[in-house]
Each structure stands twice: as structure tokens, then as C-alpha cells.
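What follows is a pair of complexes built around subunit A, which joins subunit B in one and subunit C in the other.
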Partner chain A sequence: MLLRTAWRRAAAAVPVAPGPNSTAPTRGLRLRVVDHATQSDVPSATATPPQAESELRPLYMDVQATTPLDPRVLDAMIPYLVNYYGNPHSRTHAYGWESEAAMEHARQQVASLIGADPREIIFTSGATESNNIAIKELESAIQPDTSLVSVMTVNNEIGVKQPIAEIGRICSSRKVYFHTDAAQAVGKIPLDVNDMKIDLMSISGHKIYGPKGVGAIYIRRRPRVRVEALQSGGGQERGMRSGTVPTPLVVGLGAACEVAQQEMEYDHKRISKLAERLTQKIMKSLPDVVMNGDPEHHYPGCINLSFAYVEGESLLMALKDVALSSGSACTSASLEPSYVLRAIGTDEDLAHSSIRFGIGRFTTEEEVDYTVEKCIHHVKRLREMSPLWEMVQDGIDLKSIKWTQH
Partner chain B sequence: SGPSRRGPIYFFPSKMAASSRAQVLDLYRAMLRESKHFSAYNYRTYAVRRIRDAFRENKNVKDPVEIQALVNKAKRDLGIIRRQVLIGQMYSTDKLIIENQEKPRT
Partner chain C sequence: MAAAGAGRLRRAASALLLRSPRLPARELSAPARLYHKKVVDHYENPRNVGSLDKTSKNVGTGLVGAPACGDVMKLQIQVDEKGKIVDARFKTFGCGSAIASSSLATEWVKGKTVEEALTIKNTDIAKELCLPPVKLHCSMLAEDAIKAALADYKLKQESTKGEAEKEKK
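Presenting the complex of A and B:
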């Protein structure tokens, strides 16, 4: 926690200066800027320039939090940010027509990825809004004999895949609506809303190398699933979600879905190999490492490991050259251990030692090797400093210790 | 410069017409050359890797209609790479910690 507030103070105090290599102003945070801030809040003209090493950015291994834009996605979006800026709901001129055409093409691209009809796709601001729309339907329709099952397709913390097709079959036979939050699954594993009997699905743009601020909700038409609009206004998106559809963003989402459909097999193969490499190398070199989540039903790009006798936050801070997370970003401000790990029965001390490694489309073998090397080094170092580890090495069973009160 | 030393000649089926084989080879070299100019490490390495793997994957395609479709897609992709390389260079930032040690392979 302390280091994070130090970041904010440092970022506010030091104005971003252009790096020596670029002609455009750099906007990124410098790695070692904390050192400069403690000496002086006013950058001096005669201050020694930062060493080359302090300007280097960390590796990105946190794809479950968000993904970079695929260049193919940005390329599709830019025309709609420069020249084709019409409102897609303007019916009377070419600007509106071309924007609407782009929106409908994007809708088709999203539908195609999940085996849906384009009329079943409503654009939203993201999977969170989609989840709210789906669950509000439950609140408005609840009777003794109706209900909704809502399940994540792939968990964002430990990567576990739920048996969606089986759940869909059960819900369908009991006449119960089935919603799934597929944010971490869309475009990564094959999904078909008809094969899996899914009635509602939430989709997130920024988890599949698309832009932030956009998503979609899939709403089955046959048999019809009725939802209540969260946001009312001009009646856009079949009245289910009023507000001007942001053409550049939905074009990006559509392009991301199309690229994902083309690249799914290639990405999955490569990510599986890299995940195997990461896990094997770490487990071969370190004892007392636990992988959280069912290894049989697991999406390879999300690896959650617990390193016994090492505190997760200290390991994260030690791995300052790699961008990682210890669990879900949505709860990162609190110090409570992950509810997911608690739910799968992880010991509380192991839950505090968990780190999530994210491997994605753009992750390289070099990045995996570097991360593994640093991880092994720092776990060993932190364990050397741990009295608990020392006791374990001496053969003491920690669970047998009676800790005295002070 | 002349033909690349690590020639990908063996990727291309000998049954292809000489002109289309030359066209495919030119496209392949142009795409790789352009991709190496991405300033972002992750985009650069992905593009080079993906292009090599895609041409390797399609090396046994014999149908001329299919070959033409693949060539057309490659031309569009080359356009995307050119534009995105330029944009990336205009908005470039610091290198990654790993780029000092990176060896010139994938």
C-alpha cells in the first residue's frame, strides 16, 4: 500500500519530460521515479539525467486486468475517429448512414464469434453494464417458478473453466434462464450460445484486445428473453439500451471479435505452450508452490500460483520489472484475501501468497523466461528472510505451534 | 538489400507459377521488413512471428483461387502494418526492461 501512494505523490510532483529517444512527449510513468521525488519536488535543470536503466518499462503480464489493443483493431477504429464521425442514428445523411453501416457490421462480427444472430447483440459500455442488465431481469421477473443462473465462463482470478454446456442443458430442461459473464472467455475458447443453451451473455471489449468502454450483451430471441432497460432515453438498441452507440468503439469491438475468431486456435496453442513452460520452470526450481484452480478445467492464459511462506504483496513489489497482480483488480485496494481462493478452500496463509500470471496473444517466450527467473530469485530471497521458512526447514510443523498472546 | 540470407524459398510450393511465387516471396519479405519497424516490443515480436508462422502454415496450398485470396489478405495486412508502425513511432515511449537483453531472433 505504501509504495502505491508513493507512486501517486511522485507522479504528481515530477512533470513528464521527453525521453532521449523520442521526438514526441512520453507519457509513461518512469520506473524509478520514487528516488527522484524524495530528493526534491522541483526538478532541477542541472539534475543528472536518469540513467538509461531507470527509463525502462516493466513487462506486461496482467492480461486478465486488461489487454493491449491489437494493431488491427486500432486500424479499423481510426477512420471513425477522423473522418467518419457521424451519429449512427442520424437517418438523413451519408455521415449517419456510413456510421450505421459500420455499427451493423460490427454487430455481425460479434454475433459470428458466439454463434448468435446480430439482432441478439446489444452494445453496452462493458461487461459490467451487461451483467447489470441481465441480473435486473431476474429482479423484475422473479416468481416462485422463475429464476436465473449466472455463472462466469472463465474465472478472471484462477482461470477455471465452468462446464457451461452442462449448466445450459440443466437450465433449459428446468426452464430457468442462464446467463454467463464471458468476459475472459470470448475469443479465447470456442463458445456457441445455441450449443451451450445460453440465454444471456456479457462481453467485454478490453479483455479481447479491443478498446475499453465498450461491450455487448447477448439476449436470446428464440425463445424470447425479456430484459428491462437499465438506461432509458431515445430508444436506441431496440429500446434495451438508450444512448448514442459509440461507433469507433463498437467498430473496435467488432474488429477484435473477428481477429479473435481467426486467431483463436493459434493463440490457444501458443499460450498453452508458454503457460506450460512458466509453470514447469517455476515448480521445478521451487518447492511448496501450489497452483490454484482445477488443472483439468483451466484456461491456460491465467495462472494463479501460491508461494508458501512468502507474502504475495512483497513478492509483487519485489518483481517491480514485471506487471503482475495478486488476484482481481476490482478488489485490489482492500487487503482481504481473494474470495475466489477462499471459496475453493485455500488456506488463508496460502491465499495471501498468491500471484496471478497472465499470458496473452503478445506475450513472448523471453518475457516468460525473464518473469520466471525473477520470480524464482525473489521467492528464494524472501524465504531466506522468513522465520516461518526457517522453522519449516528445521522440521517444525507450523500447524502444531501454539502461538502465545501478547 | 538482396534476397534474405535465411531464405524462406522452401516454404513455397514448387507447383506455383513462377510469377505468383515471386509475388508471394516479395510480399513475405516486405511484411517482415515493415514489421521490424514497430517500436513496441510486443507488437514487433508478434508481427514477425505471426507472419512467419502464417506463410509456413499455408505453404502447401495449391488452389490458385485460394492462393490469390491469401495474397489479397496479405496485401491488406501489409497496409495495416505500415500504418500502425507509423502511428506507433509517433507515439513511442520507453523500451521494456527486457529489450536490452533481447537477442535478434523471434
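Presenting the complex of A and C:
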């Protein structure tokens, strides 16, 4: 808390100086000192003193890929990284007991965010591991045809909210297990595993301003859902996930969940307003912009826009001082357009033109305004460089042209 | 003045943010600078973006690629009576590497004869721009664009010659 308010106060103390480019914010919000000294703790006669070199970093608008650690989460974790370093499974001394107490407290914090019982939360290394536990072996159990339905709660690319409660109702009536990957939804929209009849849920730490390398899986007890362990060993976590539970990380996850529960309503309101501001400003200034995903059933913090006649990666290069994403982060190395966009029926050329804007808890109005301004400027520039835009301006129907396939 | 104030802020904020001044000595690794500065330069300082009159007999237009593939390049050349390329323009729908490849292509064809321009290879373009393996196809498309423009020019010249001969008869 102290760190964050002090940081905010320091950042707010400098008046925005009217420089030659007065519309851009002149204060760098995220700073880093690059230490060019050789890494050595032993002082040596020949070591050069560290040369602090301030460097402005891009604005961060990619919260669907990962989120920064909330300072309150870091505050909760530090004691367990420095002082209370016991193994939570050690039964014979105070180090183990205090670590176990912290782990169980974190478990309660995660459970209360989703309306579950703490005994139903198993800590894992992340949502990916949770997904694997949930899906493995369940397909061969009981039912001959469908045995498991697995749906994302909120899509990470286009932000669409799936009708989880309806799906849960259907699955429960047909006696089919229902798993949902709630990595992008936990702590952002209200979730209750009992109201929505969810049997299994994957939770990710680093998507909710918690640490990376930790997550959880919710496994329903009543009626009992049986899963097979992915990794075997000492039988920790009720035998469902062996391996020492990393106390500092789960404390961080728990703290992140508690903070999310407190801030959910405020964050949602604020993020909705910023999202509205971003989309309205862009759509007002640029023609031929398409928002991908159902506008009604939509989480506001994830905005996916297609700018026709401009390719997504060139726009990312142009917006080099804003961290954004084109399509899913997982597929950014491939040359394929986003499978999600293809699935919702987006034209392939529009799929290549999509950009995802992520608005999160720490995104400011100024960052949104800066991003919008730069985006509008560069889309216009890139359209001037685009043969497709030129053809459309000349009245040519692009669909009528025979392109040379490659 | 503003710079000094901003510098003070940076130092104050960084001292606040970073309890320990010790940080990894490496600076940003190569993958973080995904866009090579030569590629970025072609976008930030564009040269030869635009169009020539495609109805003119001395202008060859090459249009290659497809929107569905995310890569479309239009490259135009203007050739004088001696067969030398005196002007070139391009427009591209594609990633930064595609824009840079086609921009470089227009720079290279200028001043060359039609025969010399045919010798421009995609490997030279890729080497000049330091394109990573995943972006090599951009340089290939640029080479195709050059060839398509030259072919279009040749076609126009042949049809002009044909018309001139018909008139003689």
C-alpha cells in the first residue's frame, strides 16, 4: 500500500511540461534503471561503478497476456520469501506450521472469490496444469459419448463472456461434467461455482495481478468429481497434485484473489468507462473499424478491433511505445491468423488486421488517450501506404479481384 | 528545464520503485527488439510510397499477394525510352518486414535497366534488412512484385510495338 501510494505521488508530482510534442505525456510511467556494471557481489578494485541509465518503457496495454503484480500482493508475499520460508508440509516445527497456516489462509481467499469450499481448491503451477488435470482421464470415465464439457469463461482474444450458468444447467441436467477455464474471468466478473453448476475450474495467478508460476484448480466435492493426478509423488494436495506447495506463490495468489474480491465492482466500472472511451474515440475518428466479438456479452477490459486495409503487425510496429497484441499471444510466432477470429466467421483479411487492447486495474485515462491518438495517427498513415485502401477509394470491389495466391 | 525535472523524477521514482539498485546487467535481449531498426526506418522515413499513372505506356504495375494471406504488394516502375527505370513507387498491405522489403525494392530498381532489375534476388533483400527466417517470405514477395512490374511493362511495350506495326501496314 505504502509503495503504491508513494509511487503514485511521485509520478503525480511532476507537472506535464509543454514540450514540442505537447500531446504526448512527458512523464514515463514505467521506468527502469539499466545497470551496466558486471554482476558481482564481491567488490573488486577494477569494478566500475553502476551507471544508472534511465529508460522509458512502452505503455502496457496487454493485460490478457499477463498482469503486473499488485503492490498489495507483493507486500503479502515478501515475508514468505524472506522470513517464513518453511515447507508447508513439515509437520514437526513452527516453520512448517506457519507456512501451512499461510497456505490454508490463501486457499480460503481463493475459495471465497468463487463461492467454493476451501477443501475444493487444489494449488497448481498455473491454469494450463489445471486444464490438463481436469481433462485427463475424465473423458474415459462413465458416459460413453460426452463425458466432459469444457468452455472458457471469458475468451482471452475477444473478451466474449460465455453463458456459463446456462451451460452449467444443461450439463447438470444431462449428468455431464462441466469444466471451465476461468483464467481471464476470476476476480473480474462475479463467479459462483454453485450457482453456475461448475464442476471444475482453472484459475491462473498471473492474470489477476498475482505472481507467475501459480494457479489453482477447483474440483467439486458434492457430488464428488474424481480426477487423476498428473504428477505423482508425496501425495500433497489430497494426492491430486504432489509436490511442495510454494508458500510465497500461493500467498500471492490468495492475496490477489482477496484484493480482486474487494476491487471487482470498482475495477469493472472504471474499466468499462475506459473501454467505452477507447472504442468511441477510435470509431468516431476512423472509418472501417470492426469490433470482434459480441458487444453485449463482453468483458470490457478486452477489446479486439480490426482496422480494415491495415495489417495488424505493421500497426504493432508503428505503435512501438505501446505494448499490444495482435491475436492470441500463444500464436504470435506463427503466420496463421487467429483461430478464434476465424471461428466467429471473420473474413481472413480482417483477421490479419486485428489488434487486442487490454485495459486493466492500473490502466490510466491518459494511457488510453495516448494509445487512441497514436492508433488513429498510424492507421491513417498505414492506410495511405495500403494498396487495398487505394483500391477501395477508387471504388474497386476487393472481392472481385483475382489475387495471386502464394 | 523540463528534461532536468523529468530526469529528477526518473531518478526519484526509480529509487522508490527499486529497493535494491542491483539489477541484471543484460539489457533488452534481441527478441524484445523484434523489429530491426532497418525495418522500422522504412516505415518511419518512407521513401517512394505512392502511385504512378498505371495507364501510361511507360509504367509497369505489379500487384502480388492476397489479403487473405495478410500480404499484398503493389510495385510500379516508370521506364524511359532507353529502358532505364527512372522512378518507382510502392504500396503494401502487410507487416513491417513486408513494407520494408517492398520499399527497399523500389530503392534498388531505380537507376537500373529493365534487365538489371531482373537480377535482384530476395536473398539480397533479406540480407540487407536482416530479416529473421520467419519473415523471409516477405522478401520473396518483393522479388515477385519487381518481376510482375517488369512483366507488365514488357507486355505493354509489346502491345505498343504490335499496334505501331499494324499501323505501318
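Just so we're on the same page, the second predicted complex is superposed on the first by the 341 of 406 C-alpha atoms of A that agree within 3 Å, B and C clash if a C-alpha of one lies under 4 Å from a C-alpha of the other, contacts with A are read in each partner's own complex, and residues count from 1 in each chain.
In the analysis below, contacts are C-beta pairs under 8 Å (C-beta built on N, C-alpha and C of every residue); 3 or more make two chains touch, one makes a residue touch a chain.
A quick note: this is a predicted structure, and the numbers were derived from the prediction, not measured.
By the touch criterion defined above, A:386 reaches subunit C but does not reach subunit B. In the overlay built on the shared chain, the residue A:373 is in contact with neither subunit B nor subunit C.
In the superposition on chain A, contact is made by A:349 with subunit C only, not with subunit B. More residues of subunit A lie in contact with C than with the other chain of the pair subunit B and subunit C. Looking at the shared chain after the overlay, A:314 reaches subunit C, while subunit B stays out of its contact range. In the superposed model, A:294 lies in contact with neither subunit B nor subunit C. Applying the stated contact rule after C-alpha superposition, one finds that A:228 touches neither subunit B nor subunit C. In the superposition on chain A, contact of A:74 is made with subunit B only, not with subunit C. Overlaid on A, the two complexes show subunit B and subunit C touching the same residues of subunit A, namely 19, 26-28, 31.
The residues of subunit A lying in touch with subunit C in their complex are 3, 6-7, 10-11, 13-14, 17, 19, 26-28, 31-39, 50, 52, 54, 309-314, 317-318, 320, 333, 335, 337, 347-349, 352, 384-390, 398, 403-406. Contact residues of subunit A toward subunit B in the complex are 19, 21-22, 24, 26-28, 30-31, 55-60, 68, 71-72, 74-75, 78, 266, 321, 361-367, 370.
Subunit C makes touch with subunit A in their complex at residues 1-2, 5-7, 9-14, 16-18, 21-25, 27, 35, 39-40, 43, 46, 49, 51, 63-74, 91-96, 98-99, 134, 137, 141, 144, 148. In the complex of the two chains, the subunit B residues touching subunit A come out as 38, 41-43, 45-47, 50, 53, 77, 80-81, 83-84, 87-88, 90-102, 106.
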